[in-house]
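What follows is a group of structures, each given as structure tokens.
Note that subunit A is present in both complexes that follow, paired respectively with subunit B and with subunit C.
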Partner chain A sequence: MAEIFTPEIVNLLVRGGLLIFVLLTTFAYLTYTERRVLSFFQWRLGPNRVGPLGLLQPLADGVKTALKQEMVPRKADKVLYFLAPTLTLSASFTTFALIPVGERVQMSSVPVAILFFLGLSSMAAYGLILAGWSSQSKYPFLGSLRTCAQVISYELALGLCLLVPILITGSLNINDFGNMYRAENWNWIYLIVLLPTTVLFLISSLAETGRTPFDLPECEAEIVAGYHTEYSSMKYAMFPMGEYIAMVAMSAMVVHMLLGGYHLDLGFVDLTYWAGDWKLGPPESWGWGAYGDALSLTAHGFATTMTFIVKLCALIFTFMWIRATFPRLRYDQLMRFGWKWLLPATLVLIFVTAALVGYFGPVHGTGADTAAQAAMEVTLNARH
Partner chain B sequence: MLGIEKAGPLLSGLSITFREFLGAFGGRTTVTISYPEQKRQVADRFRGLHRLERYEAGPYKGLEKCIGCALCAAACPAEVITVVAGENTPEERYSPGERYAVVYDMDMLRCIFCGLCTEACPTEAIVMKHDYELADDSRREPNKFMYHKEDLLDREYYW
Partner chain C sequence: MDGQLLAWWMLAIVGSLSAVMMVLSRNPVHSVLYLVANFLTLVGIYFLLSAPMMAVVQFVVYAGAIMILFLFVVMFFMSPEARRWLRPEIKSQWVFGTLLTVMLLTVVYIALSTAGRVADPDIVMGTPTIATSDRTADPRQELGHPAGLGTRMFSYHALPFEIAGLLLLAALLGAVLVARDERSEGRTHLVHEFEKAEEGVAEEVRA
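Now for the complex of A and B:
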């Protein structure tokens, strides 16, 4: 037993559990926040009855959803029917394992995180397709075909957008994107390509997560509720859960691409370094030894995490703001925009980036070695 | 150029919605009416729950206006109203005429609030008031949606 629960394993388990807990809470409160923010946009009050300011609304919603009657279509392909929501949800959760949320606060620093990220977002698309296919019903099937076409079309643009920071940093590690601005040889000229790329990434991530104005997968006037029409109770809840978490993951990618990741570095002063390296966690006097180290977090890590969360909130607000503003596109408009405009635009940006990188050189600096080092030790908190 | 100019209207749309969002923190009144606490004043001609009237003044003061003619029951398209008439006697006088309603039952689950009963009534005994919160919790025995004469006669109304 003692060999199984080494400090590393305990650390991983605690981090994994914490991540899942935090993400589920995030989902619950995102539904509340979204309803509330949208209502402010629309001169309404939003949910304000359950608890102070309606803050217990997610709890009530959760209980209600969990207690709903579960209906499974008789002709449904049982295995795929059960697999589909699980696949969507686990893909979104796993995406978050790759994303650094603070300095050395990360499930795992994978050297090829971007590839993994794109792979997982394709996996989520499988969930949507299987959901429609296995339901053995017309509208889910049509909905899933539509979703599938949309997701695949916009995934191209999404992946190509990610190529721009990859070209600039010469790295597939998400940590290096956020550290870009702090590099010795950072050149502000790269903002010329980074800014439009981020905008295009944001647009394609809207389509990828099926949010307005690209929420055709659940175009209720035409295809009922789309691919999840035949789902009920918790299995239904897993789809919005996966979508919201995917939205958070996309926002996190934007934070790393453009907003300097988890740093609060104004160039002349790094505001998170005041926090220092002292440890937040079980005190030494408890005698937990290496386990205590495994369960602790540096104050600096905490401060950077908070920075990251604030930046993330700003982006999630942008997603809600867009939802409050734009009406849904027509399907042919969606396809035309994706293939005839978004894809060529990203290709042009890649060419421009390549030219700039060829002239000014890639941004290394904090670069490759720290990333490789971080990839080797799979630790949340450095054990100081 | 290349369709980028089409982003202009999109951005101005975003700025409009953002201004509306900021207004939410500037003491703007919302369009929402917090229902059970705040109630909206209904229109004068709103057709809500019925009431059986009494004469409030004049020689018949205190007597019921209803004379048990059952014209309301005849006019009712949903067959809501049941009227059983009885004879007034000098000792027991309920209404000014010969007859009065011994039984006046309304099945509010059937009522469509069309107001034809109030139009049919020759003495304006049945009128529609502004109460609309008619939800209740039993339609077996006791059927709380069956309003009897005493329910409709001296009922306290919200409005």
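Now for the complex of A and C:
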């Protein structure tokens, strides 16, 4: 059995565990932040009683949710009823395994990560749909039908939006999206298509994650709480959990598409390279050997991760801002907007992008910092 | 037993079971989900065959997009309170089913045996392997890389690709034609009449 726990596997498990821990904490504090931010938008204070500035509120909420009585409808399709929240949550978590959060800080580097990203977002939708259906009750059923139609309509636009950076970079690797701004043959003219594409992507990701202007699946005035009406306690909590993590994942995609990913490159100087590549992590004297690699990070990796997190926070704030600003759409407006406006617009953008790429040539994102990367490779190899 | 083989056996067993359950299940929603499970095992098998592109396309297009559409349609025609599920019975379906299965297995056997690798039973039983043809030097490269796949599809196989597109368009138009219910068209006509009548009444009232 000993050979099963090779350093690679142990490191993968440790990294996965860390990722899940970080994401769960992120979720807890996102609920707090969202409530606070929305309060400030509405000239209120929001939760500020538990702990300093209300910072322990998520803990109190978590304990309260976990201790709630759990009720399962008698007519529910039991297996699917239990499966649905798990599916949503695990799909959202898995999405994050694909997204690079810093230079060489990533769970797994799949060459076709973008496609996986799209597939996982529809896997999460299965959870929402099945939740409503398996409750065997009217309002959840209506909610799940709405979710289904909405997700199908906006997933198309979402996928087509991602096609624009794919066309520009000629790559399905998320790393290359952020790197394209640093490439030697980068052309600022591509911003003509990238800017509107990102806006459209943001809109369709709002619909895909069911956030405010598009939160018809859980429209409380019409269908109680939509697909999760019959869920209680922790099983209920898993839906907002999945939703928030999906929102973070979508924001991360936007960071890679438009905001230059995890780089802090001002053109004449790359600020993250100042950090150098000395190692952070368990020291050699502890004798952990290769087992400590999951916990170790170069200072450069740390700096890029921090850059990424700051950019991500800005986008998440935008998501909250949108929630505070826009009223909910009507259902026919949602459908008309999705099919008659959003989809044709993305198609036009793709045509324009194809024309631009045909004229100016694709941008090879990895081309610019080959020297720096080669240096990193050397240091990484030297460490092993 | 190495890890790949173990993974293959697990995927094969789960895949076959879910396929059988898809047919046997009386609840259409369960059938759809069994089919999704089957597609997901196929994704795993494509990965084992080192065809990540194929796997991901199977994941996104079939397990993701198309099956969600299936689920939507099935749910549309099934109220959650329905007690009696679908029980489609076609006359002598067992006979035709067996016949089709035998035909399919024959085709699969012929395909595998002409590909050259099936001749050695040890290879088939020992390691799961794709039936490779001799024409391409490294088919894994082509299956695995989107660029290679795209170049091949749009240059060498452009005509079949376009024909498939045309076929889909024809199917789409057919579906629209079938879905266009003449009774409902009559109803919109009636609605117009009704509105006209209402206007007439309103005018009379005004007069």
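Everything below uses one rule, namely that the second predicted complex is superposed on the first by the 361 of 384 C-alpha atoms of A that agree within 3 Å, B and C clash if a C-alpha of one lies under 4 Å from a C-alpha of the other, contacts with A are read in each partner's own complex, and residues count from 1 in each chain.
In this section, a residue touches a chain if its C-beta (ideal position, glycine included) is under 8 Å from a C-beta of that chain, and two chains touch if they have at least 3 such contacts.
Just so it is clear, the model here is predicted, and its values are computed rather than measured.
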| item | value |
| --- | --- |
| Touching partner for A:32 - first (subunit B), second (subunit C), both, neither | neither |
| A:93 touches, of subunit B and subunit C: first, second, both or neither? | neither |
| Partner chain(s) touched by A:319 [first = subunit B, second = subunit C, both, neither] | neither |
| Partner chain(s) touched by A:115 [first = subunit B, second = subunit C, both, neither] | second |
| Subunit B to subunit A touching residues, read off their complex | 2-3, 10, 13-14, 16-18, 20-21, 23-25, 28, 30-32, 34 |
| Subunit B partner contacts - residues on subunit A that touch it in the complex | 37, 39-45, 321-322, 324-326, 341, 345 |
| Residues of subunit C defined as touching subunit A within the complex | 29, 33, 36, 52-53, 56-57, 59-60, 63-65, 68-69, 71-72, 75-76, 79-81, 146-147 |
| Residue ranges of subunit A in contact with subunit C within the complex | 75, 77, 80, 110-112, 115-116, 118-119, 122-123, 125-126, 129-130, 133, 135-138, 141, 144-145, 148-149, 151-152, 155, 170, 172 |
